[in-house]
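In the two complexes that follow, chain A is the common piece, with chain B as its partner first and chain C second.
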Partner chain A sequence: MAEFNAVLREKDNINIIDVKGFLDAHTAPDLENILTGLINESKFRVVVNFKELDYISSAGLGVFMAYIEQMRENNGDIKLAEMKTQVYNIFDLLGFPILYDILQTETEALNKFNQ
Partner chain B sequence: MKEANEISYHLTVKSSTENLAIVRDFIRKAADETGVNTEVVHKIILAVDEASSNIMRHAYKNNPEGEISYSFIVSGSECTVIITDQGVGFNPAAVRKPDLPVYIKEGKRGGLGMHLMKILMDNVQYESTESGFNKLVLTKKIA
Partner chain C sequence: MIEKLLPNQKRFKFDALIILMAGLFLTKIFYSGGTDFISLILNELIVIGFSYFIIINIYKAVGNRKITPLNMIASLIVVQAVFLLLALSSGIILSNEKLVGQELIIQPDTIERIIISLFNLVILVISSIYLLSFRELFFLKQKKNMKAVYIAMVVFIILAVFTSFFVDKKLGYESFSFIHYAFYVNALILMFINSLQISWIAFLKKKEKRKLILLSVLMIIIASFSVSEISGNSSYSNLMSSYSYSLYQFSIMINIYCLMFFGVVFFTTLFHLPTAEAFDKRTKEISSLQYLSRLISQAQDFKELASSISEHSVEIAESQGSWIIWSRGDGVPVAVKNAGYTDALKITKFCNKYLTGLSIKTVDLKDLYKTEITDEKYQYAIIAPLKAYGKVHGYLFNLRKNNVEFDDEDKAVLETYSDYAAVAVENSFLLKESIEKERLEKELDVAREMQRKIIPQELPSYEKVDISAVFIPAFEVGGDYYDFFRLQEDKFAFVIADVSGKGISAAFIMAELRGVFESLTKIKSNPKEILGLVNQSLRRILDSKSFISAVFGIIDLSENKVKLVRAGHCPPILLTEEGLREINPTGLGLGMTFTDKFCDTLGEAEFELKENDTLILYTDGITEAKNSDLKDFGTDALINIVKDSKGRSSSEIANEIIRSVTIHSESNPQHDDITLVVLKLKK
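And now, the complex of A and B:
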């Protein structure tokens, strides 16, 4: 069984999701549920902290593709932070860095919302 | 004719997404035992995960009771993974190259897998046979 978990916390009105383990077609719905939950509560400012994420497949990337427009239309965004190289490389292969804010640290990602 | 130095490993799983982890472990162990370098192993694992996720979703329409079989073969300087299923076939020529800005606007969550497989592997060949089997052959140079 793929190990994955996603924990939600809040800092300065920004919602931070800590993702851990393996994000694939089996586990992507867990993350999707958190994002749809935030949208339902009109919380559109999100930072995803990838520090403990070891693996991502396109099913995981798809979750970010599916919801970012809704967040942006509501003056929010999904900013991505603290990716391991092997995870960043997959985002990079598919051209995500041009369209998404991908930051080194969580603090930088949070600060981006205030720029 | 098999080459004398050919090594192969086989696995069959049900088409449930929870088996993706088993498939990844299978590839990792087989690749480790045959001495494929880590960076290449990661690419093969992801390509096989993408192929498997597509079969589960599209060929078997999320029915977890289908079967997917894997052969991992190292022969000379090449690694080949053959994946077969008995689900609904597809036309690979009809798969569009992903357009990320459009996908984001549309809120699309899929459509990246086949493209990713092609980037990660040296060769991707798909065949849907009349006997009802679909066969995907992924090849990667390992030396």
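And now, the complex of A and C:
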């Protein structure tokens, strides 16, 4: 079975989640747990680094939809960065770039918070 | 009344008993015997004979009940007290003159005979109850085969009883009295041996043992009084021996047996008392393990199971509080017994670093109170992992308030206990899983059925359009949906959609979606407007994680025009004489936002559909169909097939696409619904 892994780190007071592998209905709860944890600790500024993510299903997309809304309600956001083309295409197809910030690099994403 | 309630067989025994007693009573009223040898023997034989059958019948009538030794002894004390009272009152029964001069052989009148007979009967019944009770107490939990010794004792008692008249000096058979004494001594020895064989005392709880000591002291006191009252020359001995020497002797011997028996009980219990606690503990352990083995074999509600595990651990660990933390849970104590929930929370948090590994751990809680205040002050905690097949399901907490640390023995006991408990837990998990699986399968059946009914059973037929559709549901029901709505004579709408999520919830959303499209297409004719309204109407049923991708379009066959909107869905492919292109107007998925942004960003494609032009609508079940290396089928592969399909009918194109997808995914199971709709304008 395809593996998924999410690791949390922090940089300039912003939490960065590195996601890796396959994000689908079975692995989405792992990511949700991390995001719920951040909300419980009132950490609303998050960057997700997609560098090593190979696939995202609609269940994975749903996670971002729900949590970005929650972060935004608390004046925060989740910026998405460093997506592979095939992953970006899935986000793009649904129109994610219209609603959410998807950036080329992690640095750009971090800077976006400071604008 | 009572007799009616008794089962027939028991009633029969009562009847026999009453007949026998009446028989003895009447016989003795009319026959008092003489002093010659033959009459004496005859009298004794009659009494012994009747007594024997009376005892047998009493046994049959009341025997074989479940008894507890303590209750039986308590009732024996009452019987013994009654006996003592009777013995003391025997002087009143016979008028004093008859007793003056101890040599006198009583010549009672009829009324006195009746009284004497009744008195003797009562004594007989009392003595029988004794004998039978001792029998029960003797055989209770008896492991060794002691029947022979017991029978020997009874035989010697009968012999000693039968020969007792030899002793009476008045009768002049004194020279034979050695025979009686020989039997008597033998009977006493056997009584003593039997008294030593009691094996149930060790099984009593400490409390019960204390009670037993008190009872046996009480019994010894009353029995001593009785023995001193009835032996020797007393009104009792006169009263009894005038009736039958045997019965008199029998009542004495029973009393002596009673003294011996309770003397032995008293000392045995006294010696057992110091070890009673250890014995109690072992008993508890064994019974709780038995209890757990029963739990293992039963299908159990998970909560109940946790509750019983926790509750029983308090007993075997001799703790003052217990609870369980599940590994899969969120670290919150469950099944909290004898402790406050907030205390349990605090202590669990304090012990958090011990919640790891496979070994049992003891924790001194004194550091806890430096930072926390709890309702109850617990001194020590012992944490046993609930492990089965190398997997830790959780941890069982036990706490002590007193200053007694958990020792190695406690550890060993709890370890065994928690191992058993874990197996029960594992079983319950497995059971729950299989029930859950079955439930899910049922649910999927319902969802599949719903989807099958929502999706059109047959395709609409239009003179000018050749339509084909293929729908292959995934095992889990992926949420794909397509439909057609006739608007006017030469105008119809089509929709293809993919609801995120699976199973029954996706099927419900699908049903809603169909209803919304169906009604909106009747009142509106602008695709952009319709999709905007659809999005609004979904607000109520879509949760924050769900969305729907869709393509909706209207074909006007009078002008051969198509207006099409796309909400985050795979762009349809249009194949014309000039070539192939993807129709890709902008548009967010339905349910991604309910603000104006949805409509503001929604683009509309309008194009002409000429003869032989083909429009292909599909869901990502096609492009994301994976092979065993998890490689997608891909949009490019789809486009390549379509490119080469000029001149083919809609069904030929559909078949070719499905064939390629099937070849690509081969043995890899299908994870999402596959939907394909091909529209081709006829010549």
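We adopt the following convention: the second predicted complex is superposed on the first by the 115 of 115 C-alpha atoms of A that agree within 3 Å, B and C clash if a C-alpha of one lies under 4 Å from a C-alpha of the other, contacts with A are read in each partner's own complex, and residues count from 1 in each chain.
Just so it is clear, contacts are C-beta pairs under 8 Å (C-beta built on N, C-alpha and C of every residue); 3 or more make two chains touch, one makes a residue touch a chain.
Fair warning: this is a prediction, and the values are worked out from it, not measured in the lab.
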> Which term applies to chain B and chain C once both are placed on chain A by superposition, clash or fit?
Replying inline: clash
> Can A:Ile16 be said to touch chain B (first), chain C (second), both, or neither?
Replying inline: neither
>> According to the stated criteria, A:Val47 is in contact with first (chain B), second (chain C), both, or neither; which is it?
In response: neither
>> Under the stated touch criterion, name the partner, chain B or chain C, that contacts more residues in chain A.
In response: B
>> Per the contact definition in the header, classify A:Ala81: touching chain B only (first), chain C only (second), both, or neither.
In response: neither
> If you stack the two complexes on chain A, which partner ends up touching A:Leu31: first (chain B), second (chain C), both, or neither?
Replying inline: neither
> Should A:Met71 be classified as contacting the first partner (chain B), the second (chain C), both, or neither?
Replying inline: neither
> Regarding the shared-chain residue A:Leu110, is it in contact with chain B (first), chain C (second), both, or neither?
Replying inline: neither
>> Running through the overlay: 152-160, 368-376, 494-502 or 602-610 are the candidate stretches of chain C; which one clashes with chain B?
In response: 494-502
>> Under the contact rule defined above, give the chain A residues that sit at the interface with chain B and also at the interface with chain C.
In response: 2, 22, 25, 55, 58-59, 61-63, 65-66, 69, 86, 93-96, 99
>> Under the stated contact criterion, what part of chain A meets chain B in this complex?
In response: 1-3, 22, 24-26, 55, 57-59, 61-63, 65-70, 86, 90, 93-96, 99
>> Using the touch definition from the top, list the residues of chain B that touch chain A in their complex.
In response: 17-18, 20-21, 24, 42, 46, 49-50, 53, 56-57, 98, 100-101, 103-105, 107-110, 112-113, 115-116, 119-120
>> List the residues on chain A that touch chain C in their complex, please.
In response: 2, 22, 25, 55, 58-59, 61-63, 65-66, 69, 86, 93-96, 98-99
>> Using the touch definition from the top, list the residues of chain C that touch chain A in their complex.
In response: 498, 500-502, 543-547, 549, 567-570, 586-589, 592-593, 597, 601, 630, 632
